[in-house]
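By letter and in written order, the chains are A, B, C, D, E and F; residue numbering begins at 1 in each of them.
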Amino acid sequence: MSNPRPSHLAQPLRSKRLWLPHKALSIYMWLLWLLLVNEISAGHVLLGGFLAWLIPYLTQSFWPEEMVLRKPGVAGRFILLVLWDIVVANAILAVRILGPTRKLQPAFIEVPLDIKQDFAITLLASTISLTPGTVSADLSEDRSALLVHVLHVDDADTTVSAMKARYEAPLKEIFEC
Amino acid sequence: MLIEIIVSVAVLIGASFALIGSIGLVRLPDFYLRLHGPAKATTLGVGGVLIGSMIYFSASEQSVSLHELLVAMFLFITAPVSAHIVAKAALHIRLPCIERTKGKPWQSGES
Amino acid sequence: PATSLALLLSYLPRIFAGETVYFHQPWLTLLGMDLSLRLDGLSFMFALLITGIGLLVVLYARYYLSKNDSLGRLYALLQVFMMAMLGIVMSDNILLMVVFWELTSLSSFLLISYWSGKTEARKGARMALTVTGAGGLALLAGALVIGNIVGSYNFGDILAAGDLIRAHDLYPLALALILLGAFTKSAQFPFHFWLPHAMSAPTPVSAYLHSATMVKAGVFLLARMYPALAGTDLWFYSVSSVGLATLVYAAYTAMFKHDLKGLLAFSTISHLGLITLLFGLNSPLAAVAAIFHIINHATFKASLFMAAGAIDHETGTRDMLRINGMWKYMPITATVAMVAAAAMAGVPLLNGFLSKEMFFAETLGLEAAPQITWLVPILATLAGVFAVAYSYRFIHDVFFNGEPVDLPKFPPHEPPLYMIVPMAILVILCVLVGIWPNVTVAPFLHAASLAVLGSSLPEYKIALWHGINLPLLMSFIALAGGLLLYYQRKGLFAFYERRFRSDEKIVFEARVQRSVRISQSITKRLENGSLQRYFGLFVAAAVIGVGVELWPLASFTGPLAASSVDFISVLAALVLIVSAIGTVLLHHNRFAALLLLSVVGLVVALIFVRFSAPDLALTQLSVEIVTIVLLMLALYFLPQITPNESNPLRVGRDVVLAGAAGSGIGLMAWAVLTRPYDTIADYYLANSVSGGGGTNVVNVILVDFRGFDTLGEITVLLIAAVAIYAMIYKLQLPLANADGTGRVWSTDPYPPILMVLARILFPLALMVSFYVFLRGHNLPGGGFIAGLITSVALILQYVASGNGWVQQRLNWNYRSVAAGGVLLATVTGLASWLFGYPLLTSTFTYLNWPVVGKFEIASAMAFDTGVYITVVGATLVILSNLGKLAQTTYADALPVTSPAKPEEAT
Amino acid sequence: MLTTAVVIAMGMVGIAIALNLLRLVIGPSLPDRILALDTMYVNAIALLILFGIYQGADVYFEAALLIAVMGFVGTVALSKYLLRGDIIE
Amino acid sequence: MEALIAIVIAVMSSCGIYLMLRGRTFPVIVGLTLFSYAVNVFIFVMGRLHTDAPAVIAEGASYADPLPQALVLTAIVISFAMTAFLLVLALRARAELGNDHVDGHDAEDVKSP
Amino acid sequence: MSHLIILPVLLPLLTGVLLLLLPRKRRLLIHTVSLASAALLMVFTVQLLLRANGIGYEVYALGNWAPPFGIVLVLDKLSALMLALTSTLAFFSLLYTAAETGQRSGQTLHALSHFLLLGVNGAFLTGDIFNLFVFFEILLLSSYSLLLQGGGPARAKAGLHYVVLNLAGSGMFLIAVAILYGLTGTLNLADMAQRVTQVSAADAPLVAAAAVLLLLVFGLKGAVMPLYFWLPRAYASATAPVAALFAIMTKVGVYAIIRVYSLVFGDEAGELAGVALPWLWPLALLTIVFSVIGVLAARELRIQIAYLVIVSVGTLLAGVALNSEAALSATLYYLLHSTWICAALFLLADQIVRQRGSSEDRIASGPALRQGILLGSLFLVAAVSIVGLPPLSGFIGKILLLQAATGTQAVWLWSIILVASLAVLTALSRSGSTIFWRTTSETLDNAPAAGRFCLTAIFGLLALGVALVIFGDTVLEYTGALAQQIMQPQGYIDAVLGHTVKELPHE
């Protein structure tokens, strides 16, 4: 048994920054706090603000790179698209699950990846899993392709290109251009 | 009353999806197929229930109750990853898929 | 000893005046045992023997021992013994006497085993200790019975209460126990066998302990208790029959011993039997004779032992078959020994003759049980014959009888002067007493007899010549018969060899060995090293115990009405039952069992929710996951499959046992649930807000009302962390490089998608845990749950990104973190001392800040922070170290040249 | 009406959980069982939320949140066990 | 409902005790965990069964008995610590004894499952 | 207010924590802190003993919550005596630990020992049954870990058995406590004692079942037939100071039995009075019988000593089962004696093992001991004490117990105890003479001589035993008063339930 040298260990540790190391995260944290306490009062707004500073500060070394949302508009549209697809996906799925299973034509298909960022890949893989009839089952070790299991496929190539166009492209736009 | 109806519909739809997901889990012929039910249907089902709850508590307590969103969000983030990692495990131990499956899974460790 | 002797002699006049001297020091009053001593005639006589002969023995031993032997040790032990022996004779408290009694057994044990390298010595010593120790225990019991009857342990009271004792129901028991003590100590048949084997002791010891003094403790006891116990038929039959049997049997056996000291030992036993017999006769004169013989025997036997020691010392052997014709080599010793032996034989003009005469006279004067009493004088004479025979043998076979046969040391010489002097002194005493008894021994005897017999002292006369009478005739029969017998010895020896080959030592050793073996087999059967057995017994004991107690219960169902059941609850219960049973059925597949166990845990959490315990649900959920993770961490190092090794019988037994125990628990739950109760809980509900400052009563109980429990509980966590850390340290485990089916592990330890998500979740989880912590006092949550959430979030990082990665970022010493948490909680509790309140007294107050508004701060929160920190620290010590375990073993398991040491984080 | 709806919904979720258990018990593979357990956790969240609505109390929300977190961590750990044996390395 | 709970407790304890009577460390630990679940539920229900009455002080509500709940919390934590300890001890025993039998020896009549 | 009563709990806790926070390499510092704390603990407990001798009871309400609602610590003569016993034992055992750990810092060992003390002391002081459980767990977990110190297969196996059984025992403890709460509605022992009197005849069997379950749990801790089988291997495989410290562990079980069954199920408990006695008596006698058989059977000295521990437990419980003031007084005297002497024996056995090389403590011929005379003499003293030969403490304890028995009980007790004494005498003379005298050759070259501190520890413990003889009357006076206090539990109940707390400012 050989153990590959995990590349992630080589990631440089960033020196600690005191002031808002992750601005996006901080906003996210602040909103989260208000969601959690389920009330908006002056006290909680302040406390949330404090935590929005404290937690990113404490956990910054766990975040290898700072995420920057390049195109909030695209991101918003992408989220709506995914939500819609989830609903559709489930309707289709329900039919397939309850219908005759013998007619299903499952398949493993390989989706070559253009995006390289782990975060973006994760988003893509998750999206694929949540949407119609597909579950991302594996990621190649060099992060060049995603193995997707499809519940029912008529034409594999079409499915692949559809996925790439519908989900990968916007993600690429959001994170990498 | 309207709110009651909305909540009722939401929870019923949600529960139905949860049930459907679990039916899929029992009914579908191989592991990879069964994976689809929980990954999507069940997650959505719980989402529906959570929306119902959100509306219900917002109405009954006269103030916006959004913290169910947190659970929902959490589920939507984690469910696909759960599915992914279980599938990865299944692929690793070379769990067979039904014969008519097109394409072949990667051999474990291949890229 | 000289000092003791001098001191003793200073009391001489008072004792002769019939006085008793007392010494009293309160000690264990509550036990009824004071340190009180008495010096009456009896004890004085004995004390004189003890110190006098002691002095001589000490002198003798100085020259007897070889250079390699530690004289100091011998002297120290002799000193202890002498002290104990004096204690026996001078105790004024029967319990105190038992104390000294056992001390003599102990010191005898140590003295016999003085040459501890010899197997004989060790075994002899052990045997002596066991037999006399057993007797001592019996004596103790007897003493307690007597104390119970009399109401005092003081001899003064006991001796005065003879009638009370003899009339009591417990008299036979007390008598039996005390006689057991006396007989074992004085080597009476059938407990005599230890004494010959005690002869492996150095000869001075034999002379002192095993002829002159210690063995006399038994007869001393008879003398001491005479006023309290004697005078009944029971006493007569038991004491005299044992004495008679011993007298005859031992005298007979003594003739055939080739070992010098063996001969003397059996002779001693025989003489002790004689004394016992005298005491047993229930006649005052016999008692006087007994006391007289005690003195006489001590003098001649001690000198004989010394002579035997001298011969042994000079020739290197004690075997009479080899020792012959010593007259030529050591005439002085021979003279001395011959006189002593003659005294032993009862030759006139020597002291032995006098007491023997009295003895013979007494055997004739028996009144009780006339149909058998005629036997007594006959047997006594027979024993006399044997005694003469062995005495004569001692003289003839040693000092004459041709030339010695290959002695280890040749030629022998006279021993050093100071070995002869003690012998000589004793022998001179024999002669003096023998010729002028009234001048020498009479006052002592009188005083001693007075102490034994009290005012009813009979008229007696010690004299060389009582005229020609039956006793004199018996003496002469004995002398003549003995000489005759000795000259017929060849045939007799052959007869003896044929008949009596049983060696009591072998029998005794075999018995001890057998009891050890039996014990071992019993122990092995009981304590068979099987946990299943032990645990089965535990469960069975519980089932039986509870079952017996529950038997009288009229009905398990109590008066309370049961609440109604709903569909979901039934369903959940079914899920739980199926998964619990599934866990059992699938337990051979360990991983699957683990999954089913999780289901049980989940449903338990749902039960908590269903019945209004949100805090419990939260805790159960978090603990369960941590437990499952732990189980998996461990399972990695264990076989994946449990072999099927229980036979159906055992399975059946276990099912019954487990089923019974489980049903019992369930039934008791049902019984309690249907009964009303009156609880202190209302107090908590009423005081939680006003006194504890929180609305979540469960949390307030944990951090305030019963904060001490919680302090203990986090200490348990800390200890677990420390303990686990210690156990894992240097643990080496065989590491599976493939799973149960032989498949090599995946090469991708850290799936990127998981890694990304884990990092996203981390701050989220921290936020949640902060939230749960903060609200704990008022709503479900609290430090413990928050701590677990934080831990789980960190565990996720470990799982997703590995030990090395996390350590790079978070290099804490978790053990210190855990300790710090406990410290914080304790110190918070201690703060209340400053205000004069007990530990853990909490306080809280409400602040009203601008903008922020009104909020509460409570000292309980600091305490809860301690809980939080401890939980995080402890959980992570456990998990991260278990995680590292594989790393270390993995690195160790590989060849040194292997490049694969990937996770040595720098 | 809401009560009826919630009770029916709870029934459906309950049946879903029972189905999950069925899959968990029959397997046949370990990933199947893990998947079943994961699904059961998610369904349990639904059940808890429904119970909250039924009782009109939202004290059960945290439990639901915690099940979500713990269920995920559990699934990840179990899967990683199948992948690597050593879940923390 | 009381009967249902009693049955649940009975089943959990029986299963737990049965597994604790097995000869290998892992089932014993699983059994112990199961048994501790049963014990926890047992303590909990000693406060009797209350529906919709969490012990959180509010206006005019009824409350479950909070004391057994607090006890269960303590018991859970302690049994967690103990289980963890036993688990590591099982590993230690495995390393020292070379197998995972509770008595440190492989039974002679091992049949492969 | 006086906080003295909480110090026996607080001091070990803080010491344990502090020891963990000290840097591992500061060996001397660690030893010093540990020993100083143990010495201080002795001072405190002796002070408490003196105080208990003077006053009746002292109650400390933790968190300033009035009993029965909060947890209370209660000082009475029994708890004070047990505390003093523990602290002396601990001091000498830690002294031995410090002397023997050598180059290793012993940080963990010291810390765990103090945690063990925390548990033991807490168990003696607490007046709350659930809190008793918590302290039991503390002391058990510490003991699990202490037992395993040093590693090796024997310890691992013994440890496994010990831990599993005790974990199951803890579960049973909880069930019993839960039932008691479920029926009486309280956890405070004094309060429970009052409420138990009001339990209806219909419910009494349930409470009795819980009481028996508790007895079983305490019996497991105390090593009673048929629950002692785990003990011999466990104690014999523990390192010496740990085994010595463990001498108190079985006594915790005995203590708990005395406390709970005299206070809650004492003579005034109505339907439930004396519920444990019918079980305790036969079990105690059986324990003596079978453990004596074990003593005879032992092939190793430490196993033999471990069985002697069980013999003493059986004897103690027999004394408890006699259920009289005299018997209880005798029992406590015997408890002091047996604890100290067994501990000394374990330490001594360790020195013997060290000087016998590969023969270890097998009762078979082996090399001569380097300090044969010294160790032999010490062994003799200890053996004489434990066998119950005069003039040492065991003899007195034994007589007291025998005196206390009456009627049929006396017949049983006398015969069993006397025969047991004889068997133990035989066994110990056999093992002692074999080990010290049946030596093959010269001493081993590399046999280490016993260190000064090790010997001090052994001497100290034996000296305490001797002191029991010399100051016998004083001790017996105290145990007598103690027994009186225990047999009249109303005083305890009144003291606890009548305890008032200080007003808090914010109320």
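Here is the rule we use: a contact is a pair of C-beta atoms (placed from the backbone, for glycine too) under 8 Å apart; a residue touches a chain by one contact, two chains touch by 3 or more.
Computed from a predicted model, the values in this text were never measured in an experiment.
If you take subunit E and subunit F together, the chains in touch with both are C. Closest to the middle of the protein, by Cα centroid, lies chain F. In terms of the distance between Cα centroids, subunit C is separated most widely from A. Just to note, of C-F and B-D, the chains joined by more C-beta pairs in contact are C-F.
Between the CA-based centres of subunit A and subunit F the separation comes to 61 Å, rounded to the whole angstrom.
The distance from the centre of subunit A to the centre of subunit E, with each centre set as the mean of the Cα atoms, comes to 39 Å.
Look at where the CA atoms of subunit B average out and do the same for subunit F: the two points lie 57 Å apart. Centre-to-centre separation between subunit B and subunit E, using Cα means, comes to 31 Å. For subunit F, residues that reach two or more other chains under the stated contact definition are 130, 134, 137, 141, 144-145, 148, 151, 157, 160-161, 164, 168, 175, 179, 181-182, 187.
Counting partners per residue, subunit A has 32, 36-37, 122, 125-126, 136, 141 as the residues that reach two or more other chains. Residue positions of subunit D touching 2 or more other chains, listed in rising order: 10, 15, 17, 30, 34, 36, 59, 65, 69, 72, 76, 80, 82-83.
By the touch rule above, subunit E contacts subunit D in their complex via residues 51-52, 54, 56. Subunit A meets subunit C in the complex at residues 1-6, 8-9, 13, 25, 29, 32-33, 36-37, 41-43, 46, 51, 55-56, 58-59, 61-64, 118-119, 121-122, 125-126, 136, 139, 141, 143.
Looking at the complex, you find that subunit D touches subunit C at residues 10-11, 14-15, 17-18, 21, 24-25, 27, 30, 33-34, 36-37, 40-41, 44, 47-48, 51, 59-60, 62-63, 65-67, 69-70, 72-74, 76-78, 80-89.
Of all the residues in subunit F, the ones that touch subunit E in their complex are 130, 134, 137, 141, 144-145, 148, 151-153, 155-157, 159-161, 163-164, 167-168, 170-171, 174-175, 177-179, 181-182, 187. The touching residues of subunit B, counted against subunit C in their complex, run 74, 77-78, 81, 84-85, 88, 92-94, 108-109.
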